[in-house]
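What follows is a set of structures to go through.
Here come two complexes built around subunit A, the first alongside subunit B, the second alongside subunit C.
Then we have the complex of A and B:
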């Protein structure tokens, strides 16, 4: 089979490392979302590991997925991708037809392997679909409050700004909440997440105001709606998103402003968190310590600075969970959904 | 003299009468102007007029292709919707008819496919059997279920899998007229007559449904109204009245009606007292109906301002509506939101009765654009002419009520939570028709 990827040549050289592949994929394309990167990594895995039977393939997928999930500090977004891939494989195999049990297992394998690029393209197209559905939300003269570095939100806002000169002129303003925890302080940019979008919007002539997280309650009175992105959309319709989204949701509810979530439907993940501390993530946002603990920790770090410690989500990447009752609607590529519609989409693929 | 005047008044009945004799284009013009002048204004009247007009359009459309039929219905639908964008039922009916045509076209293609692949296992052709069922209620319920069943056995087209799916099946989807392959035309060729006949039958079923919807909703009344309850309602909605009357046949309860001044108070007074004036649109529905008081029900008529004061005694609020939106919110007669809000404060359950035909797939991006403003002289009559210059008088006819103020919707399909309405929307309208 012919694969469009160039990595097949290096296949024989060293064993395939799914974690490295996943990270490399995310790094190489800033527009790639975590679930799609995970699907891509699995596709590449299949090209490297020749497996001819169904159960062999499924077993390989399950093992690699578990490995990948363990190695990545925040596996929520990624597990949406791996689950989708696995379910797709199983459902296609069960369905009567050319790709089903009667047909050739190789056919479905070839389809998956040769269409890796197609999946990425479709994922990016789904963002355009979201923009089409979400266009109606940004009305003339409105002010949008947003946060984080969601690409879906950025493309929605930029698309709305692009049409400014056009026949359907929309003049809107944006309040951008910038995180006080800078993502890469020592990096060359050293600027908070989202600055890129802010610059792009300002270049298009959209007035943007940047505010710190502490000013959200103050600024919300001037906003007409809140639009945020999400890392994962969970079963009950709540979202897992950048730290600070939950408080914006609470404030928006208290002030009575609509709170919209923009997310691609491949981010729907089969997870039912009961609260903030029920996420399958190691993150120490609330970290109690005394003077003594700090001293002990720094001593310990000096001893084993490069020892293998369990993966922990760094503070700047920390996430929180926004429960569904705070969300007015989800703008996805399959339409504008109420939070309760998410479970149905998930049921469709799982049962 | 009054009788001739009545006959000449343009409205639903005169439109339906003229529909048989006038040519199609005149009829379309006629309905457009009736809608524009608000001479047809109740949700049901608009829906009925639209359905009958589309029946004529489809039967007069001598085309062999479903794509042409869809285009024709779309162009007529666009004109009707542009005539009165706030009357959302018009769009709903057009969308349902479009969905019917698409379903039939697809069924045909599948049937053809099954024929060509004789012997191999294929989907049982269930939908046609259901179309023959006489009861629209049954048909709806079963139709829904068969839809669901189809969806799970067929590749789920709109689901999350679309990301990974094989490109080929997607191309053969008849989603857009542009993608109609020559194959499709070939397939539908043999079944042309069948498609139109099926669509006409479907439209007739929609019309039947419009006629029966209130009785179907009323069938749920005994589940929701209990003995000695105090029910609060608003306006003279026929759906609500029938609902209450059904319960009144078996149980004794008290009804409080807010009079809904200034747009509907006369009709409300008439409903309460039972002397309904011969309004030609409501003639068939109301005039033979005995009022609630005749059933021994205590009816209390209150001004709108007394709603909050009485709410603490009320057991249940039952409201009619103008249209229901996809997010679970609703557009109803002005004053509804005040009642719903007061009920929320007192934790009184709010039940909204509405036919499925009022359920619109439109998402309310801009609430203000949904509100229609009426005759300001009803608030401040022109006798106070010197005041009219100095103050700004407004008379909104509708209110937008957000979904969180409603506890339950009762439609002809049963009771639903507001958050479940999206599901009924997706069962009744095709995605490709939502914005056409």
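Then we have the complex of A and C:
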């Protein structure tokens, strides 16, 4: 069994590097989310790979997915995309009809690929739907507290701001929590995540105040609601999101402010974390050290810098888990859901 | 209270019942009414008005037992009975028989001879009364039990006994005290299959215990029933087999109330029977049903358990301390699976009286090489102190996400969630979807099961080492056939050695609880854990929050 699988993997890896494609897709399009990039990478893979049977296709898909998940330090977001695509493929292949197992596989394949693209387009459109659902939450005169660099939140706020001057003028203020962890070394001038949104909002005339994470409790009294983005929405309705979201959620609960999450429904992940330390991610946020340890580590790094240690999430990319009881509602493209409704949606997709 | 009712039959009886001397002294009436026992008063209420409404013209027939027979006999002596009257008499006899049975059930042996002897003795005082009374009031149904009651000497004892028994049921749970659990196979219908007969007793004695085990055993017994079933002439299998099965089900439910899983399985089986085309040959239909039962057990229990155990075992990490309550088979499978996967963890089993289901679990896990700590439920706060996860089995999951499980489970879940000064511990429930129900449980009072309170009494006493001649300290276990299986399996509690056994074994202080005033024992079987205390339900379809139970239940039953 080892030889054929190895050869497929090798064949898949050499002419088409799924990891590189995925990273390239994410870099080229700033609007692309991780699950969508994963799906697009998989579609590209299928177009490149001449697979002739269903099981071969599924096998290739499973292998590339596993490979991709292993190579990316935080696979939660992308696994939502790959799982969804795999599920979609399987249901399409199993569905009886002109494209059923008896049909011409080439036809099935082209059908799949064209549908895969459709899938991507639809997923990209979902952000507009979210804006339509979420617009009502931002009322005249309210103050929104948000954090991170979520594109969904940014587009929601910008759309709301665009209406200013129009028939439904919404005047609102934004308190933007900026991460204190220095971020994005290769990014422009190393400014914190979210500065771009801050600038865009200010350009539209929305008063924005930026605060450090340490001022959240202090500033929450002035906010009417909290709106955050998510990297993944898990089965119990909680979210996996940028480090610091959990504490905002806890504070919002304690102070009694509603805590809304904006997320596309393709970010729903089949994952059920029981707590902060139950995520399938290797991250060392809490890292105990003594002077001796630091000295030893620097020495060790000098010796074997090229050893392949397990991919670790850098501190600035670390995530935390916000449990469902802190979330008031999730604004998604399939409607505004309570956390418990998320599992219902997920069950609908998966069974 | 019976006065207004009296008037109607009185008038009519005079017309239609010449056999009865229409006479009763008015003075006699009030005392006799005072004599009405509570239960009879109820019959009077039920039957009296109905009779006076419906049969004013034929008031002579007495629906109540003693008077019915008596009037019939009297009438027979006077003139031949018409067929209609004969029919009525037969009816009355039947009613008498039923009432007698009921008394035997209710009042115990003391009241056994009640109706027969009572009616006989009642004659002399009753007859003069009738001579004087201005109507056939004595014929009235309601009065008849009164005669029976007032006369027989053992009656008061029987009533006393009955009263005592009623005292012994805890008032809040009064609605749960149904009929006594069946103790023998005697009286079971002839339709009941031998396998089902045996299973019933096993269920009753907790030999087959646990929701899944009961479900599997029931399905296997029903497979035997189906195998040995032959369709009677003039009916079809799908139509008749269902009624045939319902005899078996009724028998099983008199042995112990059916579990949710049993109910779901039976419902599925009945659906499968109804789906059979009546024109299918019997052998083919029976094969289909047997295959259905096999695949039901395989899909819903056996394979489901494996899937659950595998996914639940993944939630166990190195260094975990797993707390579990009582002895769930699926939790056992999960822990063994995790151990097999090479996880390093400790298990802390919390157990409770009177079933001690955790003892078997503790032994099985210890034999498999796991690190096991065993404590009873009063040691919960200590056991939960260093817990990292709680795994629970389920009897059922209700539609509002509550966990319905062995009594004490809610306590464990609450202790885990409201642990003082620590991070709350995740509570994980392992449950097959066959245990999901569309019922809703708001508390553990409305729906529950009450087991024999005597189970609480018989407990193995601690072994006395010092040999002090203190009979109160040394309480040998009374040899009780009803002792639950769990208690017997308590091999850890040593049997009294011959030296100590020569001392007179004094019974448990609770042994005479039935004769002790103001003492009631409550032996509940289940409790409901609020959904907030459950973090995750692991089913064969995946992991769910408790709020998703109704959705999954709907989907798994629609499929």
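Keep in mind that, in the parts below, the second predicted complex is superposed on the first by the 314 of 351 C-alpha atoms of A that agree within 3 Å, B and C clash if a C-alpha of one lies under 4 Å from a C-alpha of the other, contacts with A are read in each partner's own complex, and residues count from 1 in each chain.
Simple rule for what comes next: a residue touches a chain if its C-beta (ideal position, glycine included) is under 8 Å from a C-beta of that chain, and two chains touch if they have at least 3 such contacts.
This structure is a prediction, so every number in the text was calculated from the model and none was measured.
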Request  = Superpose on subunit A as described above, then tell me if subunit B and subunit C fit or clash.
outcome  = fit
Ask   = Is A:60 touching the first partner subunit B, the second partner subunit C, both, or neither of them?
value = neither
Key: Residue contacts with subunit A in the superposition, subunit B compared against subunit C   = B
Ask   = Now for A:272: first (subunit B), second (subunit C), both, or neither, which partner does it touch?
value = second
Task = In degrees, to the nearest 10, note the angle that opens at the C-alpha centre of subunit A toward the centres of subunit B and subunit C.
result = 50
Request  = Considering only touches as defined above, state whether A:217 meets subunit B (first), subunit C (second), both or neither.
outcome  = neither
Query = Who does A:236 touch here: subunit B (first), subunit C (second), both, or neither?
reply = second
Ask   = Is A:340 contacted by the first partner subunit B, the second partner subunit C, both or neither?
value = both
Subunit C versus subunit B - closest C-alpha approach in the superposed model, Å = 6
Request  = Identify the overlap between the subunit B-contacting and the subunit C-contacting residues of subunit A.
outcome  = 340, 344
Query = In the complex formed with subunit A, which residues of subunit C make contact?
reply = 315, 389, 423, 426, 428, 535-536, 541-545, 547-548, 551-552, 555
Query = Which part of subunit B faces subunit A closely enough to touch in the complex?
reply = 121, 151-152, 155-156, 158-167, 326-328, 363, 365-366, 419-420, 422-423, 431, 434
Request  = Could you pull out which subunit A residues touch subunit C in their complex?
outcome  = 235-237, 270, 272, 274-275, 278, 324, 340, 343-344, 347, 350-351
Inquiry  = Going by the contact rule set out above, which residues of subunit A touch subunit B in the complex?
reply    = 39, 84-85, 87-88, 91, 95-96, 99, 111-112, 115, 118-119, 122-123, 126, 136-137, 139, 265-266, 268, 328-329, 334-341, 344-346, 348-349
